[in-house]
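These are the structures, in C-alpha cells.
Each of the two complexes below includes chain A, the first together with chain B, the second together with chain C.
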Partner chain A sequence: MISFMNRRSFLAGGAVFAASPLLPPFVSAALAERKQAVVRVDVDIANLDPGNRIGTVDGNVILSVCQTLARFDAGKLTWSNDAAKEIKQISETEYTFELNPGQMFTDGYGEMTAEDVKFSFDRFINSDAKGKKLAYAEDLGALDKVEVTGKYTGRLLLKHPSPALWLIGLCDASGAILSRKATEALGDKIATQIIGSGPYRLAEWRPKEQFVLEINPDYKGAAKAHFPRILAKFIAEPKTALLSFQGKELDFTAVDPSSAGEARKVEQAKVIEIEGIDYTWISLNVEKGALADPRVRQAIRLGIDIDMIIAGAYGAAVSRAKTLLAPGLIGAWPEAPLYNRDLEKAKALLAEAGQTGLSVSFTCLNEAVPMATAQIVQANLAEIGVTVTINAMDSGAYWAMGSDDKSKDLELTLIQYLSKFDPSFQTQWFLSAQVGLWNWQRWKSADFDRLHAEGLATTDTVKRAQIYIDMQKLLDESASCVWITHGRNFFIHADWLKPCLLPNAMNWQYEYFGEA
Partner chain B sequence: MAFLLRRAQAALFTIACVMLMLFMLVRSVPGDMASIMLGPRATPELRARIVAEMGLDQNIFVQLWLFLTRVVRGDFGEDIISRRPIIDIVAEVLPNTLILAGTALFLSLVFGILLGLIAAKSRGSWADSLLGLLSVAFVSTPSLVVSIVLLLLFSRALHWFPVAGVGDSGDMLDQLAHLVLPATALALGWIGYIARLVRAALLETLTEHHIRTLRAYGVPEWRIAGIYALRLALVPLVSILGIGLGDLIGSAVFAELIFARPGIGSLIFNSIAVRNYPVVQAAVLIIILIYILANLAVDLINSRLDPRIARAMREGRQA
Partner chain C sequence: MTARWFRILRDRNGRLGLLFMGLVLLLALSGLILGADPNRIDIPQRLAAPSFAHWLGTDNLGRDLTARISAGTRSALTLALLIVAASAFLGAVIGTAAGLFGRWLDWVVTAIFDTLSAFPALILAFSLVALYGTGRQTFVILAILIFMPQFGRLARSRAQALRHQSFVEAERLLGVHPLVIVLRHILPNIAGPLIVLAGMNIPVVITFEAGLSFLGLGVQPPASSLGTLIKDGFIYMSESWWPTIGAAGTLAFATLGSTLLAETFRDILDPKSATDAEGRA
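Right, the complex of A and B next:
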C-alpha cells in the first residue's frame, strides 16, 4: 500500500477538520456547493394572501410559490404559459384557457383544476370568505366572471376590453392560482402559510429574521428553479445590509444610491443598475391661494433647479424625469418639454400674476433625500422671491394626507409613488375622483378622466400610447407637477450569482436566479 | 405576603396608567396603517375597515377596558396584517431581547464591579484617573454610536464577528458570535455607570468602623475590599438593576436595528412606524411586566443583602 499520508499532513488535516466548525460561516459557505443563494429583503413577509399582500416582498414570494396562468419571462415584460397549456383570445372581452394536467399543489392539497382558477379570481371579483373586498381587487377589476367549462378548461369574461389585465393582474401576484381546498382549510392562516404549485415552496419563515424557499420537485411548469434553496434574510438598514454583503453573509442585496460608489469597490462582486419606473415629483395644489393662478405654478416650475436636486439630494445617482411615464413604458413621451431653470422668466411670470412676497409650504417625508430636496427648493425659490416653509413629516402623518380631504391644505408637496408596467396604474391617481384622496394637486380635468377611461379599454397599442401621451400633455399644461426622477435602482451581487429582476427592479424572480 | 399584595396592587395601577397614556397617544398621532402600508391603494373603505378591526373606532375607555379584560384571559388579539395571534408575534422576539439585555447586564455587572473595585483600591493613582475618564466616556457615548463603531471595526475591518442577525438556531457558537457586538454596545454605558457607583460606594464603606475593626483583626485587604466592603457597596447597585434592565430593554432597539436582530425593541419601533397599535400595546405591556418583576426581584434581593430593608418591607414602609 502506498503511503500518501505522513505525520505532518495527518496533523495538518486533523487540525483543519477540528477547526472547521469554528470557521466563519462565509468560509464554510464558500467551500460548499452552490446549493443556495442568500438574498436580503428590506421588509419582512407581511401577508401572503395574493389579494391582501402588502408589498413587493410578499408578491415575489407569492409568484415563486404559486403558478399563474402565464408567467413573466426572465427579466422581461413578455410572458409565456405557466399553469395554462393554452390561452386563446376569443374576443376583446373573452379568453379561454386550458390548464396543464397533473399540476399538484404542495402539502397534499391535490391537483389544480379550473375550479381553483375560478376560486382564486372570484375572490377578487366578489370578496373573500368573510365578505371583505380584497385590497388588490382592482388589479382584476376588468374581470366580470370566470366560467368553468371542464376539469381543466374555463373562460375569462371581461366587463370591457382590458389590455392591462395580463400585465398588472393575471401575470402578477394577483393572478396567483390558489388551491381552493387549502385556502378554505387554512382560513386566515393563508396570510403566512401559502400553498401553491409553483417553482418553490415556502419551507420556513422565522418572523423578523429570515424565510427559506425550497425547490418544489413537483412543479410542472417551464420556470424550473436553479437553486435548491433561496434564503432571504430580513435586514431593514441598507448600510447594515452592505456591511453584511461585504462580510460574505449575503449574495444579493439592494444598495442605496448614495452607497453605490462604495459597493463598486467590493471585490468578487458586481453592481447592477436598473432605471426605475416609479415617479417622484413636486405637486402644486391648484386650489390653494396663489397657486390657483397657472402663472404662479409656471413660475415655480421654472424657479426650481431639478438638476441641482438630482446632484445634491440624489448624489447624481439618478436621471431626471420629464413627465409621468418612464421611458420604455407604453405611452412614454420622449418629446416632453424639459423645463430648465429660468429665473428671469419665473420672476416675470410672478410679476404678471401680481405676486410679491409669496410664501408657500413644502411638505415632505422627514427622510434624508426629501429633506435635502426641500432645502434646495427653499433656496431656489428664495431667488425668485418666494419664501418656502418646510413641513417634514413622519410617514404616518404624511400618508394620512390621502384621506378625509386633508390634502386641501397642502401647497407644494414632494411625492413618490410606485409604478406598475401599465400606464393606467400611474394615471389613475391624477383623476378628478382622486381629489381628496391621492390626487394632491387637486387638479381636475374632464378630458384627462375621459382619456383614462379610453386608455383602459383600447387594445390597439399605438392608439393607446397616444392616449397616454395626450394625458401627459394635459398634465404638463396644468403646471401642477414638477417632475424630478423615475429613480434608479442599485444592486450588488456575488460575481458567481446571476440575479433576475423585472425592469421595475422591484419584482425579483427567484425562480430565474442562476449562476453566472 | 402583605408586601407582595401591595406591590401587585401598585403594579396593576401602573399598568392601567401606562396603557391609558398609550391609548391616548395612539389617538393623538396622525396616520393609519392602511395608508402607510398600501399608499394610494388604501381606499376609504379599506381604511375604515382596518380602523374598525383594530377597535380604534370605539371610545378610548372602552378600548382600554376591552384590552385589559382580554389580556387577563391571555388574549392579546390578532394582528391585522399577518392574521397571527399577537402574543405569538411578541413571544417570538422576546427571548432575543431578554438574551441581549441579560447578557448586557451581565457584562455591565462583571466589568463595572471589577473596574469600580480597581478604581477604589487605587484611589488617586493614574489608574483611578484613567478608569474615571473611561467610565465617563462610556456613560456619555450613546449606544447607537457605539454600535456603529463596533460594527465598522470588528465586523467590517477585522471580520471577527458577523454583522447581522441572531445566528443559526441550534448553533450556540454562531448565536454567541452574533451576540457579542450588540451586547457590548448596550453594556458599555452601564459598565461606566456601575464602575463609578461601585467606586463611590466602596470608598464610603471602606472608611466605616467595622472595616477598621476587620483591619485590626488582620483580615487581608483584598478580602476586606472584595467581600466585606463590596457586599455593602452592592446595595445601591442592586437598587438600580431593575431600572437598568428596563433601560437596557429600551436601548436594545438601536442595537436590534443596527445589527438586524429581531427583538421587542425593533418590533415596537416598526409597529409604531406603521401604526400597528395592537402589537405596540401588547409589546409595551410585556415590557412593563418585565420591569415590574425586575424591580420586585431587586427589592427581594436587597432585603437579603440589608436586614434593615427587610424589616421596613415587613412593616410596610418605604426603606
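Right, the complex of A and C next:
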C-alpha cells in the first residue's frame, strides 16, 4: 500500500497552510481567480453629470455606469446598439430608435423608457434645472428635439446634418441615458452619485483616494463586463504611479513619456504606446493686462523654446505640435507656421509694445512635466526681460478653474486637453461661449464661432477640412496659444491584463477590460 | 568665559556638531566660490552623474546640483537665522512686557500665544498660503507666528518670576524707569534661556522650511530649496539618485549639526540641565 501522506508531508503542508495569510498580497492575488483590475486615475472624479463632466475620468465612469443608444465597440470607433434595439436613419436630419424593453436603472429607479432618453438629451438642448447651459451642450448641438412616439420608441430630429453627432455625442458620455426619476430626485447630487443601467455601478467613491465600479447584474446590453470589480486608485503624479505599479499595487496606469524607457524594463508587464491626438499648449489670456497687446503675446511665443521643453520636460519622447489639430485628423494643417525661438525679434516686439520689466504668472499642475515646463519657460522668458512667477496647483483646484469664471485672472497657463476624432470636439473649447468655462485664453472671435457652426453642419469632408484649417489660422493670428505637443501616450499593464482603450488612448472602456 | 566656550571642543557632541556645521557652511559657500549659476538650464546634461564639471551631478533640467544645493543651504540657513532671531526678539519684547505689567496685557498676550500654539502648523500654513500665496515672505511670516509664542512664554514666565525679586523691587522703589530695569536686570537674566531655545529651534526651522517647500508651499522656483530638491529628486529617483542623496544628506547634516551644537550650548549655559539629564540617565 502506498501512503500519500506521511508525517513530514503533513507538517510541510500544515506549515504552508498556516503561512498562507502571510504571503504578500500580490502572490495571494495571483493565486486567486482575478476578481478585479486595479487601475490608476490621475484625476479624481469631479462631476458625473454627463453634460458637466470635467474630464475623461468622469466620462469613463459615466460610460461604464450608463447606457447610450449605441456603444463604441471594444477599442474601435465603430459602434453597436446598446440601449437601443434598433436605430434607423430616416433622412440626414432624422433618426428613429427603439429601446430594448426591461432595461432597469439601478437603485430601484425603474425601467428605462423613451421618456428618459428625451429627458437626458433635452438637458443638452435646453439647459439644466437652474437654466444654465451644460458645459458639453455643443456635443449634441446639432440635435433640435427628441420626440417620444411610444414607451420604448422615439425620434431624434436634427437642426442640420451632423457628421459628428454619433462620434462625439450620442456614443460618448454626452449620450448617456439618465433616469429622469433619479436625476430629479438627486438634484445637484448627480455630480457625485450617478444612477445608470450600464455594465457597472459606482459602488464606492472615497474622494482623493479611490472609487470602485461593481458589475451590474441587471445590465441587459451586449457589453457584459469581465471583471466583477474595477478598483481605481487616485494617484496624481505619474512617476509615483509607476513606482506603485512596480510595487504591484496597480495593474494598469498611464506612464509619463519621459519614463517610458524605464517602464519597458519592468518585468511581468507590457507597455502600450499610442501616438497622441491631444494637445498641450500655453494659453495666453488676451484680456489680462499687457497680454491684451498682441505684440506682447507674439513676443512671448517667440521667447519660449519649445524644443527645449520637448527635450527637457518630456525627455524627447514626444514630437512638437504646430497647431491645434494633430496630423491625421480632419482639418490637420501641415503648413502651419513653426515658431522657432527668436530672442531679438521677441525683444523688439516688447519694446515696440512699450513693455519693460513685465511680470506674468504661469499656472500649471503641480506635477513633474508641467513643473519642468514651467521652469524652462521661466528661464526662457527671463532672457527677454519677462519675469515669470510659477503658480503650481493640485489637480482639483486647477480643473475647478473651468467654471464660474475662475479663469479670468490667469495669465500664462499650461493646459493639456484631450481630443476626440472629430475636430469639432477640439475647436469647441475655443468658442466665445466657452469664456468663463474652458476657454482660458478668453479669446473671442465671431468668425471662429461661425466657422465652428459651419463645420458641424458640413458633410463634405474636403470642405470641412478647409473650415477647420481656417479656424486654426484665426487661432494662430491671435497668438493666444503656444502649442507644445500632441503627446504620445504610454501605458503599462500587468501581463495578465488586457486593457481596452479607444484609439485616442484616453477613453478607457472598463467594461471591455479582460484577461490576456 | 572663554574657557566655557572651549568646552564645545572638549565635548564629543560639540565637536561633531562643529564638524557637521562646518561641512554644511563649506557647501553653502562653495556655490559662491565656484560661481556656478544654480538656475542655468542645460538639457543635454540632465540627470548626469557626478563629474569634474558637476561635482554632485545635475538635476532633471541639467542644472548643476552643487550650485543648487549650495543655494538651497544658504537659503535654509539664512531663513532659519532670520526667523529665529525675529521670533526671539518679538517673543522677548512681548513676553517680558506681559510678565512685568500683568493684568489685561498679560491676559491678551497669553490668549494670543495660546491661540497661535493651538493652531496646527500645517493648517496655519495652508490658510496663509491660500490668503497670501506661496513664497519667502509668506513663509517668514508663518514661521514667526509659529515660533514666536515659545520665546514669548519663556520670557513671560521668567519676567514674572523676576519682577518680585528684591533687587527689582528696590530699583522700582527708587523710581528707576521700567525700561532701565528691563535692560539692566530682566534681559540679562532671561537671555541665556532664550539663546538656548533659539539654538534648539534652528534645526526645527530648517526642517520646517524643507517640509513646506517639499509640499510646494515654501520657496518657489527658480529659487532653490533643500525641500524642493528632495521632492524633485524623489520624482526622478529611478533615473538618478544623486539629487535626492545630495539634498537629503545636506539637510541631515544641517539639522544634526545644529542640534548637537545647540545641545552643547545648552549644557554650557545651563549646566544644571546637563547634570539633571545625566542624573536621570
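As a convention for this text, the second predicted complex is superposed on the first by the 323 of 516 C-alpha atoms of A that agree within 3 Å, B and C clash if a C-alpha of one lies under 4 Å from a C-alpha of the other, contacts with A are read in each partner's own complex, and residues count from 1 in each chain.
Just so we're on the same page, a residue touches a chain if its C-beta (ideal position, glycine included) is under 8 Å from a C-beta of that chain, and two chains touch if they have at least 3 such contacts.
As the structure is a computational prediction, the values presented were derived from the model and not from experiment.
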Between chain B (first) and chain C (second), which does A:N47 come into contact with in this model arrangement: first, second, both, or neither?
first
Determine, under the contact definition given at the top, whether A:I235 touches first (chain B), second (chain C), both, or neither.
first
Could you look at A:Y417 and tell me whether it touches chain B, chain C, both or neither (first, second, both, neither)?
first
Just checking: does A:S244 make contact with chain B only, chain C only, both, or neither of them? Give me first, second, both or neither.
first
Partner with the higher number of touched chain A residues, chain C or chain B:
B
Touched partner set for A:A135, first chain B, second chain C, both or neither:
first
In the superposed arrangement, does A:K88 touch chain B (first), chain C (second), both or neither?
neither
A:W438 in the overlay: touching chain B, chain C, both, or neither? Say first, second, both or neither.
first
Where does A:Q375 make contact in the superposed view: on chain B (first), on chain C (second), on both, or on neither?
second
On chain A, what residues does chain B touch that chain C touches as well?
237, 240, 243
Chain B partner contacts - residues on chain A that touch it in the complex:
21-22, 24-25, 45-47, 54-55, 132-133, 135-136, 138, 188-192, 206-210, 233-237, 240-241, 243-244, 246-247, 249, 394-400, 402-403, 417-418, 429, 437-438
Within the complex, which stretch of chain B touches chain A?
29-32, 35-47, 49, 78, 81-84, 89, 92-93, 151-152, 155-156, 159, 162-166, 169, 173-174, 257-260, 262, 266-267, 270, 273-275
Where on chain C does chain A make contact in their complex?
39, 41, 43-44, 46, 60-62, 133, 216, 220-222, 232, 235-236, 238-239
Along chain A, where are the residues that touch chain C in the complex?
237, 239-240, 242-243, 259, 262, 308, 311-312, 366, 368, 371-372, 374-376, 378-379, 389-392
